[in-house]
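Once you've had a glance at the structure underneath, I'll fire off some questions.
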Amino acid sequence: MGQRRTQLPDSRTTPRFAGLVTFGRYPRLADVAPACAPVDWAVYGVPYDSGVTYRPGARFGPRAVREASQYLKAYSIEHDVDVLEVLSLADAGDAPVSPYHPKQTLDGVADFACEIGDPTHTKLLALGGDHSIAYANLRATHARHGGGSPLALLHFDSHLDTVDAVWGERYGHASPFIRAVEEGVVDPKRMLSIGIKGPLNTKRDLDYARDHGVTIVTAEQWRAGGASILDEFKARVGDAPTYLTIDIDVADPAYAPGTGTPSVGGFTSAELLGAIRLARGLNLVGADVVEVLPAMDVAEITALLAAHAAFEVLALDAVRRSTQH
Amino acid sequence: MGQRRTQLPDSRTTPRFAGLVTFGRYPRLADVAPACAPVDWAVYGVPYDSGVTYRPGARFGPRAVREASQYLKAYSIEHDVDVLEVLSLADAGDAPVSPYHPKQTLDGVADFACEIGDPTHTKLLALGGDHSIAYANLRATHARHGGGSPLALLHFDSHLDTVDAVWGERYGHASPFIRAVEEGVVDPKRMLSIGIKGPLNTKRDLDYARDHGVTIVTAEQWRAGGASILDEFKARVGDAPTYLTIDIDVADPAYAPGTGTPSVGGFTSAELLGAIRLARGLNLVGADVVEVLPAMDVAEITALLAAHAAFEVLALDAVRRSTQH
Amino acid sequence: MGQRRTQLPDSRTTPRFAGLVTFGRYPRLADVAPACAPVDWAVYGVPYDSGVTYRPGARFGPRAVREASQYLKAYSIEHDVDVLEVLSLADAGDAPVSPYHPKQTLDGVADFACEIGDPTHTKLLALGGDHSIAYANLRATHARHGGGSPLALLHFDSHLDTVDAVWGERYGHASPFIRAVEEGVVDPKRMLSIGIKGPLNTKRDLDYARDHGVTIVTAEQWRAGGASILDEFKARVGDAPTYLTIDIDVADPAYAPGTGTPSVGGFTSAELLGAIRLARGLNLVGADVVEVLPAMDVAEITALLAAHAAFEVLALDAVRRSTQH
Amino acid sequence: MGQRRTQLPDSRTTPRFAGLVTFGRYPRLADVAPACAPVDWAVYGVPYDSGVTYRPGARFGPRAVREASQYLKAYSIEHDVDVLEVLSLADAGDAPVSPYHPKQTLDGVADFACEIGDPTHTKLLALGGDHSIAYANLRATHARHGGGSPLALLHFDSHLDTVDAVWGERYGHASPFIRAVEEGVVDPKRMLSIGIKGPLNTKRDLDYARDHGVTIVTAEQWRAGGASILDEFKARVGDAPTYLTIDIDVADPAYAPGTGTPSVGGFTSAELLGAIRLARGLNLVGADVVEVLPAMDVAEITALLAAHAAFEVLALDAVRRSTQH
Amino acid sequence: MGQRRTQLPDSRTTPRFAGLVTFGRYPRLADVAPACAPVDWAVYGVPYDSGVTYRPGARFGPRAVREASQYLKAYSIEHDVDVLEVLSLADAGDAPVSPYHPKQTLDGVADFACEIGDPTHTKLLALGGDHSIAYANLRATHARHGGGSPLALLHFDSHLDTVDAVWGERYGHASPFIRAVEEGVVDPKRMLSIGIKGPLNTKRDLDYARDHGVTIVTAEQWRAGGASILDEFKARVGDAPTYLTIDIDVADPAYAPGTGTPSVGGFTSAELLGAIRLARGLNLVGADVVEVLPAMDVAEITALLAAHAAFEVLALDAVRRSTQH
Amino acid sequence: MGQRRTQLPDSRTTPRFAGLVTFGRYPRLADVAPACAPVDWAVYGVPYDSGVTYRPGARFGPRAVREASQYLKAYSIEHDVDVLEVLSLADAGDAPVSPYHPKQTLDGVADFACEIGDPTHTKLLALGGDHSIAYANLRATHARHGGGSPLALLHFDSHLDTVDAVWGERYGHASPFIRAVEEGVVDPKRMLSIGIKGPLNTKRDLDYARDHGVTIVTAEQWRAGGASILDEFKARVGDAPTYLTIDIDVADPAYAPGTGTPSVGGFTSAELLGAIRLARGLNLVGADVVEVLPAMDVAEITALLAAHAAFEVLALDAVRRSTQH
């Protein structure tokens, strides 16, 4: 068993309850010696929630997820891979934000994200914040991959997030994917939304997906055999660059009480983690985990779930790399 | 897509976090112009909990469920029906109550319920309060339908609620259905209790059901294929007037911590909502959702589940009407 | 003892835990017969929190304060006055809001407020929302009183709220009074801020008050005898129209955990209520109670304190009217 | 320093977080060898809350207070007395209760209480439960002292509790003292109510006290020098048998969030404990601490305060006995 | 239906919310008349948490589980057995503990446990406390059964608990089974660990099981059909003395937020209780339920689940005895 | 107004809710350019709680206090000093810890602390952890000042912390000062303990103070005029090196619910901060703030109070330096 590529604090003197907090106890990006090879993934936070339509507070999400991530371990028994052995990882801190001027703020987040680590090598895992920040991380990811063909998108969520505008604002948390499609960042025909559930505002909310070719799998459909649709998606997408976005409200309020627009009848944590694991094989080039709202969380369980969802993203990439070598 | 029959506040200026609270943001019954056709369903609260045997506090249930219901939307993706397009809905406020004299209080609730809206047209959805209030709403529903044959009863609960008396009180929350049967309001042979689970006080608790023909499906049996018993129930009941009663403690404490007699091993929210949806086709003439205890709730998840269970009741009626036309 | 001018629901059948929620169980303004004399005070909510600089969530404040206000009673033993006998009161619902475009939203709130009840008679008590909404209610109050001389301002707060702009936004919750002074709505020389405490961002935060003549009483100074400054203020202001603004964070986090920018070392609830009572005699023409953030509240104590602070405002007016007759 | 008269578990092997729970870790009354001298005080619970007018749940109060009392220590630094050295103490368990039939239940509580320990020697400290249980403990205390002259009553509370009836019920938690006076158990002219505060329902709530000679000290009056009224009361009562009743809602919601009818502007814990200590010298013959509602408590602070209030009662008796010897 | 062998307090006068607390309301072992036959099972607590590696606080676990157990009933509908009819049960209080010197403390616990009831008849059910206490109860159980062949072990947990030492301590909560195997108390080849899940610290954590023949079923494997492995285990173990250990963190944080090392993706309560029930037929000679951490619990749901898990252990033995007769 | 000596992140792009967390948003000590002058104060955490006698969990205290400290501002209005202008400050991270072997762990903490920054210049502010860590920080502080005469000690606490040993352990949280005195680190005759309150275990707990000359001011004495004793202490100590230790449980549970041994009747936050401010003028050479237990905290209020208590320590030194120049 090899040396780990990502070094953590020595747990004999710095237990998991000790030390300044970074995601997963990974080193700060600024502390990774520049002579080293660039890190494979940089985790960064976007403490921004001005895109919300109901409960605000996800601006405190990155802090809560980082704190819960102190208990993350490294070896995935399900994938038989040690994430820290395969990947070099770092925490890049938080993007610049202000609560006002959504478009400008998201542009600033995208600019920050474009410069993290080695743009040609380092992949980005963003911690929200509300779902509008996915638009910024998607843009940065797309740009860092040359800005060519739009990305495929695997989307776990209770909501479609393809509303054109709310209160006249086009960059809120109900709209990230409609914007990303408009800008050529995401290919709607290779977009798969898993976990959607009602009630919706109106039936018209489904029009965008139908008209643009987005595939929707409701939570009920997933349970009744939706995994085959994911397999079909994987076959169709193949090795194309794919982005993975996880809205924690895809989990039921019992598992994710700390979120802004909770949706009853959602996934158990086992269903969510299991579904992510099924994405094994995709060529993930970026990801986000969003909508953790600590003020409504209880006993940190939402943040803990989000931290583990983020871990599963890294594990997907680690197992893909392990398998390829 | 037609005009909605139930008008909500304009969400552009009155977002879901704004406005005086009514169930689902539906109009107050008193505000529905009398010249209009009578509303199809009236939701009303029964802030009463003197029937409890363990934790009190469900008197605050109607208030909590109404508040959680602000986030209810209208279109059921599972049934492909927009509840607000098909149904005219209103909130009739709370029934008169006092914590003393259970029988008299429940009589007063039934009297109040009898007079809501148009007795020959408007159906009643009661929000508890403890389960004893089902007795009152059942009586009112039966009376409004002419008081003839007893109603069929579909019952989601962890408990049987057919105990004769507790501490000498015959109208507590363990007894609503034994009373309803005695008074010819419910037909025990067309009563189906889903989600029952142990431990029970004694095996004798099962005698009433056995002796009177009530069908019991335990939570374990439901998971192992109980849906077929519901199908059989639907075939047997056909178009007969049926009442639906949902004790929120049928859901596991992880999903419904805010309840008075929590029962471990209960349904997930997906199991509960899915089971209600399977009742599609029944001729529902009244319903209740009971036993929400806000003081034990966390992050409003119990109230949110109860609000959505109530929505599913309305959706069942909406889809039946849609299908019939 | 006379008939009460404000009728509440009959508590024998509608106990305090029953009924649709309005502030203090007062009638909805729309339900007060138009033939009646106009109400003396209208309470309304402003569910808006886009002005915050730290924790958002006060958009849910009006709802929480109304719910806590169900336990308000009417007779002030300290002032020997029954508020419901002296005043006719109503709840005017919530102002229109959206989370974006602060200035436009506050303009909309002011427009709404200008039209409530009888503009020449009815006084306005606004429930926040964050403190930026005071700017809107101040403007409406000033306009309804003819728009002449600026109002005197009595201000309970841990913070000065005279910052010019934060993140470039000039209408946030740190700026309502600088804006109100600029627009001639408030007279800074007759503005008294009680309960200010450190640490402040920089000493420069005090410049505005020094340069414009605002009187500051820190929490420590208040305890050491600040009441005399309030007496001096009352003598100076005399019968001039005065507005009272109460930021609940003037109370210590032990009393008001549910607020956005908690300030340690604040008033006890007895100190706060006692200080408000000392304002007896002022000619109050409008008021607000702001910054209740329910997601951080515990056991409703912040909302309960805010509801009682609002009651004390009404009691001040009631006792002034009683004394004058 | 003498041997302690009350033996606790050995804290070297049974720390405060270990062992079956009794109040203060005192022995169960049934375990005190009958050959011993009778215990000086027996603590017992009354898990009953059907007397409440707002939030129920105080039936779980005795259990919570006992649990919080595990951290009670024995030596009062303020009185310089070790309670366990002076007094023999025991926990007598809970009185029989049912949630129905208030009068009969309270009669049953009184009957149970009459029989505890040695009726001619053992004093009773009851843990509520709602305040209606004071009526039962008062009756038992009066009877055990021969049933002659009515007792003097020292009363800490936010509320007067001299309402004749609520919802027609004459034995609720708003009425214990009116009943006790009617039955000759309490002498209203030697009844002192400390901590009363508004708002009250109506001014008429004060009539009973005025007409019957009850002395009222509001919370504001207490802070402004009410201790002198307590001194005067002590002088007037002298050595007459006196009962002490403590409604935990006399403390502010910041200190006692876990109570049924919280009253803003109440005592700090230091004010409450200090006030009880001032009662030193009175001839206490019985007491109660009531209205702890665990479901609304946070971090056990209400129960902890109640446990310490109960301790102060015992300390008053211990110091009186110590001083007399 | 026969007389119950275990007598509970009369619920007509001592409802479930009344009375001094023992597990399940069973009699204290000291109160069971010595002339009686020895009790079949004694429940005892081990309020000790110095073995933890992350969050401490399980020392308060026995108290919380006992309190939650007040709502336990007796008749298992799933097994059709009344536990109180078949078994005589008692609560033996808490073992002696101190937070220091883990090995000595656990030795003391084992010594205490060896002496409970009739060592040749009474079986022991220990309530933790952290998982290190299983080592003590295992040793006592083994000794009481003659100390011969090592016990078979059925183990529900998210973690393997076969780490040699943490911070140099060999008796912490990650090590109970490695110690028990070393001492000949447990046979690793007849040890089945169900519910294991990642991430683990390193792949090397699996070495012990592989090298010693422990069978591991991950949570994912269990859902995919692990019950057959349990059947195979039962066939292999036959009638041999078997110990059952349940770490509550095998349940997902949504069901067991109150635990020290929560593990995302765990069992639902229905999965956990169902899995325990499948152990029917094993010759259980001792058991424990551990790792309840009340300070992180919400609405008592973790404690409630633990109490019911303990009940299921008793039900397993009751149904085995019933079936044999 | 001068340039600040301690640079914080730019709040325009890194608001207080953004960025990796350090105490007060101060730079990490490792990031302060070595060419700079040494920092004046280094804050470090000691995530250790194996010294507790009741509730554990303070190991998570440093993390919680750092998070609450994000809202700290810089200008003390009470002292008229800007801490960041006068002092250069940094966060040195956490000391090495393990939960076992208290003495060795505390030795390791002291060793770590001895090496922080410039031992001849940088002062140490330790964040607990339980109070036993004061022993380690005291030793390091004493050593860094040459190890000569014992330090004077100003001590805010509800407890004396001069117990010789608990469960045989001499380095627990009840014993730091008895050890520090024994080792010549603290001079008991210049030790002042403020806020002590009962009940105590026994009167003998006072013997140590009496026999060694420690001055005790109870909470009651403080309120009745204890400030004069502090003045006398300051006069007596003069310019001698003085250490300040603050156990957050000196504040009442209403203000500090999140602590391990809460003590009823404690200081309000205003009393605590005011008392610290009165220490102005002392020559502080080190300090600690301890016993924050996040799992029992509500709405972060305990952590917020602790962060502000730490700020007041820095302000004391800043104002002393400002005054001297």
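Think of it as A, B, C, D, E and F in the order they're written, each chain with its own count starting at 1.
The rule is short, and it goes like this: contacts are C-beta pairs under 8 Å (C-beta built on N, C-alpha and C of every residue); 3 or more make two chains touch, one makes a residue touch a chain.
Small disclaimer: the values here were computed from a predicted structure and weren't measured.
Q: Using the contact definition stated above, find the chains touching both subunit A and subunit B.
A: The shared contacts of subunit A and subunit B, listed by label, come to C, E.
Q: In terms of CA centroid distance, which chain is the most far removed from subunit B?
A: Result for max centroid distance from subunit B is chain F.
Q: Name the chain whose C-alpha centroid is farthest from the C-alpha centroid of subunit D.
A: A
Q: Quick one: subunit A and subunit C, Cα centre-to-centre, how many Å?
A: It comes to 42 Å between the two C-alpha centres.
Q: Using Cα averages as centroids, what's the distance between subunit B and subunit F in whole Å?
A: 56
Q: Please set out, as single numbers or ranges, the residues of subunit C touching at least two other chains.
A: Residues 12, 15, 17, 53, 55, 59-60, 98-99, 167, 252, 254, 268, 296, 298 of subunit C each touch two or more of the other chains.
Q: Take each protein chain as a node, join two nodes whenever their chains touch, and name the resulting shape: line, ring, star, complete or other.
A: Shape = other; not a path, cycle, star or full graph.
Q: Check the chains against each other and report every pair that touches.
A: Those chain pairs which touch are A-B, A-C, A-E, A-F, B-C, B-D, B-E, C-D, C-F, D-E, D-F, E-F.
Q: Over in the complex, which subunit E residues touch subunit D? Could you list them?
A: These residues of subunit E touch subunit D: 12-15, 17-22, 28, 45, 47, 59-60, 62-63, 66-67, 91, 93-94, 96-99, 108.
Q: What residues on subunit B touch subunit D, complex-wise?
A: Touch residues, subunit B against subunit D: 49-50, 52, 55-57, 59-60, 98-102, 167-169, 295-296.
Q: Mind listing the subunit D positions that touch subunit C in their complex?
A: 53-55, 167, 196-206, 218-220, 223, 252-254, 257-258, 261-262, 264-266, 268, 296-298
Q: Of all residues in subunit F, which touch subunit C in the complex?
A: Touching subunit C: residues 1, 12, 15-17, 71-78, 80, 82-83, 252, 254-255, 268-270, 273-274, 298-301, 304-305, 308, 311, 315 of subunit F.
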